[in-house]
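Some structures to go through are shown next.
In the two complexes below, chain A is the common chain; its partner is chain B in one and chain C in the other.
Now for the complex of A and B:
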């Protein structure tokens, strides 16, 4: 098992290194000189050169890459061109809010998916199952930005119950959480429903029923444990995706998270900030996937043996 | 309507800029809000004695569509909306504005006199202090002026706001600002040039840490795209009425309106027709639209396919500017018939209006040697509101006269750095000192080459001539220069920007002068 873990960690580190290099090169290949973006359009070449010297973009690319790579082991991702702050501290400010939003959304989505999905599988085409299918269809067809706008219009503008934008404490989390949860709910719901239907049709479930084991215990202790495997995969992907920045939602709610910081950084060609955000989100994604793999091993002994 | 509101309206009516704006706003249907807002705006001269009795209260949150250019507070290096807001709130200048009629009055200088076409003598006001408690001295003024007037400074504002010049200290309370050549807009320039402490100028790295000025508000913080300033109780004219002003960056247009409608925001800036429609007829809001000299224009690159004047003029005839303003910008704009904004001093409609005339466009194209075989490149992005729709309309109009347009969609950052590699790009220009000299400066020297690939030696002398003149003569010279550039058609002068700001009616006495910043914010107050 240790060998498997080490192998996966090594693979993931290689992947991260490739991502770091790709981001570094792609940012510089993309049209857009940070000096020109910061300076007014009519700035003289002298002014532009001052900015380039300040940003370090006047040095050859290998030199820039060397500076960038040498800082990573120390956690030094450079100084933001726009914010004039170490990029790591900027990410430290924003990441917790995105983490909270992602986790809350996921908890809400998974809870709803479990309740509705399991109930739907137990009584297919019952009213709860139909509600689940309707929610699923709505979540898949309604764009997140539209859901966000509607929530703001109704609950912030009309009713005045919640802040429309920004982060003013936990109350600011509710509407973005609902918007994000609705976006990930359909997949979770379909996965858990399908997996539960399959589990409940297995021989061992029939056997358990024949032994007179209570229905509740069969559903939640035996069937759900097997049905949870595909859900864990989906949740792992969702979590990685959401921690990478719930960008659309953060823009609609002006929520000061990592996604919005990423947009600002890209628009400003803030190389150090874009690079650091990409590395952090990629690292999170990779780490979450590693955890998912390990969870699989815990939950499914067959994987442990083959691994 | 009470007497106070009537007085306010009478004063407003005498301001040409406001007249222009109101007509356009009536078209958008936002007039009800305007009348309430303008009516509540008392154009009283600033009374130091009255203000000194005030205890600053309340917080006004301003929702902007853009963040500051960067987290450094050297006002002479940056040209963004928020940069100008910070400069006008935190800093003070030798001259300034106290009322919406844009009359220049003494600020850090109590008196001033134009002693020659190149020299302005100013008497510094007694007892004025910077926010760190140090007095504003002649040395501070000299350090500031010498810095911006130095051609080697590399400052972005140099030459556009203030050309080569310097400051002489006559005595501890008297200075002379001297320009190398006669400079007509000197008073307007001095009214937007913040005076910094000499100690800050000596340690420019401080600009990344703090903004120390002598203005009505003290800089408190810049965190997560929010700038907070608080009342300066020791402001020379008495403390402002507001305790706190927050400049918040809300990127999404819908989010800005939502923030306003839900009360999280008190003012949203540079609004579109859609945003105005959201508050139409709502007595809880009013609209203030006193724009700086701003233009929405489709910049042509005067090399390559558009090197000939006739070709550029043909484009002017080919495109229905009024149609685009009416149908796409929904009236939140005003079509100019000269190369400077319609509210610019010295603006006059030119006899040749380049109005929509596709037949004439085809004739000119044929005369220029193009007969259905002209292909232009265009870059489009989301820099200007409804840019894609406007660009699509331009493409359609050009196709109608036989011009093919290859459109490339770019992300904003890429657009801003590569616009001059395309024949056509939509952009905006604004003057930061309410003087057309700033705009005319784009068309000469390296700036013209960089922005338009334009190199016409006749323009620089025309710019110099209007700079050297004063009064009525200067207005005539401005028009002469603008007319010459208009005939060259280096751009499609699509529209002035009206800069409508939507304001919560809880904010009273909020007014604007035709500048990018907020020099009158100190007189605004907010109901609890």
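Now for the complex of A and C:
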């Protein structure tokens, strides 16, 4: 079992290394010259060279890659071209806010999915099940940023219940949370509903019914426990999606998280910052999925044996 | 597409003599109504977009400063009239006209992106499943890396750096979703390869390529069609998102995302500018999602046994 875990960890590290390399190469291939963006439009070649020396983009590519790679273990992702600050501290400021938004949305989406999904599986095509299907269809079809804008339009502009934009304490979290939760709800709901339907159809459930065990107990203790496994997988996937998916929502609500930072960085072609954001996000995604895999092994004895 | 598989699959519907009997038999099947409803919705929108010049007397980019920010026809408070059914935007352009032309642009881009996605994904999936071994492992690692990648950030970085050209936009849309095709096709190929008909073909001396294209591919096709409709809608949303961030189609070419970006500044005074383009995206993707859901249920024999 330990060998298996180590193998998984090693595989994931390898994957991260591939991502780091891919990001570096893609950024260098596609991004223009950051010196030209920073410098005044008609700056002379000398001025441009000064900027290049300052940014470290005057050295050959392999040299740049070496500097970049040797910095990562120390948490040194270079200095932002735009903010003139270490990239690491910029991310450190913004990341917690994005994580809070992602976790709140996830909690909301999963609780809604649990309530509606379990009820839907107990009574397929009942009114709660239909409500769930309608919510899913809407969440899947509407662009997240537009849902956010509609929430602002109705609740901030028309009704004046919430601050429209910016970050003014926990209340500013509510609308973005709803918008993002609606985007992940469809997958969560479908997975829980299917898993519950499946486990409610098992023989041991029929046996439990025959023994006269109350319906409520059968649903929540027997069936739900077995439906929890797919749920964990989905949460892993969701979290990865959320870290990228909140970007546009953050822009809509002017929420000062990692997504805003990413947009600013992209527009300023601040590629140390873009690179670092991409890598940090990917690392979190990989890490969460590794945890999910390991959790699976703890929870499901069958996987432990075959692994 | 369904007919191409009917040679080796059992007949899909119970035989019916009269056309109306066939219709009843079809609509009785699970998934028939979502498919019909979705197709009707989607076709109606596509037809309206194609027939845009016939449906509206206005040009999408002609502005009229005298008719700025008129509301939709029922909104008398904002000078709404039947002249502009859905009102006008900040430059006095007819909303309905711009939405119809915007749908044209969105659908074209998403369709071209889908072609890239399907060709790449199906190709990789077939090769991976047919040849297995090292090739399979290498290709699947690439898939894993892409899935762990915060693709939106990367796409933004590339679009900014290359100054939004349409071929690059299409390529980025295409690269967004190919992994799903690759995974599903590979899985189905592996399943099909275990079946007797493939073994029989092998014994008769058919090469890998012939087995793959002639025998396995037609059986994988239904799954590809289901994901393709789903991905089509995902690409429409992705394109709208990029345009909303100012990274997609550039004005004055009308695009749904661009119109919503434009509407943000009028959110407090003219609600319709931001609402209607979003509804256009919503209905288009809803049609596609319903189609996909219906197809999935129709093509899944396990769901058909429960009538």
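Worth a mention:
The definition used in the following text is that the second predicted complex is superposed on the first by the 303 of 307 C-alpha atoms of A that agree within 3 Å, B and C clash if a C-alpha of one lies under 4 Å from a C-alpha of the other, contacts with A are read in each partner's own complex, and residues count from 1 in each chain.
The criterion applied here is as follows: a residue touches a chain if its C-beta (ideal position, glycine included) is under 8 Å from a C-beta of that chain, and two chains touch if they have at least 3 such contacts.
Quick caveat: nothing in here was measured; it's all calculated off a predicted structure.
In the model built by aligning both structures on chain A, chain B clashes with chain C. Shared-chain residue A:247: touches chain C; no touch with chain B.
By the touch criterion stated above, A:50 is placed in contact with chain B alone, chain C being left untouched. Of the two partner chains placed around the shared chain by superposition, chain B and chain C are both touched by A:263. By the document's definition of touching, of the two partners only chain C reaches A:15; chain B does not.
Contact with chain B, but none with chain C, is seen for A:93 once the two complexes are overlaid on the shared chain. Touch criterion met: A:153 reaches chain B and chain C at once.
Of the two partner chains placed by the overlay, neither chain B nor chain C lies in contact with A:187. Residue overlap on chain A between its contacts with chain B in one complex and with chain C in the other: 30-32, 149, 152-153, 157, 251, 263, 266-267, 269. The residues of chain C lying in touch with chain A in their complex are 141, 144-145, 147-154, 156-158, 160-162, 233, 237, 240-241, 244-245, 257, 260, 263-264, 267-268, 271, 274-275, 278, 281-283, 285-286, 289-290.
Listed in rising order, the residues of chain A touching chain C in the complex are 15, 18-19, 22-23, 26-27, 30-32, 137-138, 140-146, 149-150, 152-153, 157-158, 240, 243-245, 247-248, 251, 262-263, 266-267, 269, 271, 274, 277-278, 281-282, 285-286, 289. Across the complex, chain B meets chain A through its residues 67, 69-72, 78-79, 154-156, 160, 208, 223-225, 248, 250-252, 254-255, 258-259, 261-265, 410-414, 416-419, 427, 442, 446-447, 450-451.
Listing the residues of chain A that touch chain B in their complex gives 30-33, 36-47, 50, 81-85, 93-94, 149, 152-153, 156-157, 160, 163-166, 251-254, 256, 260, 263-264, 266-269.
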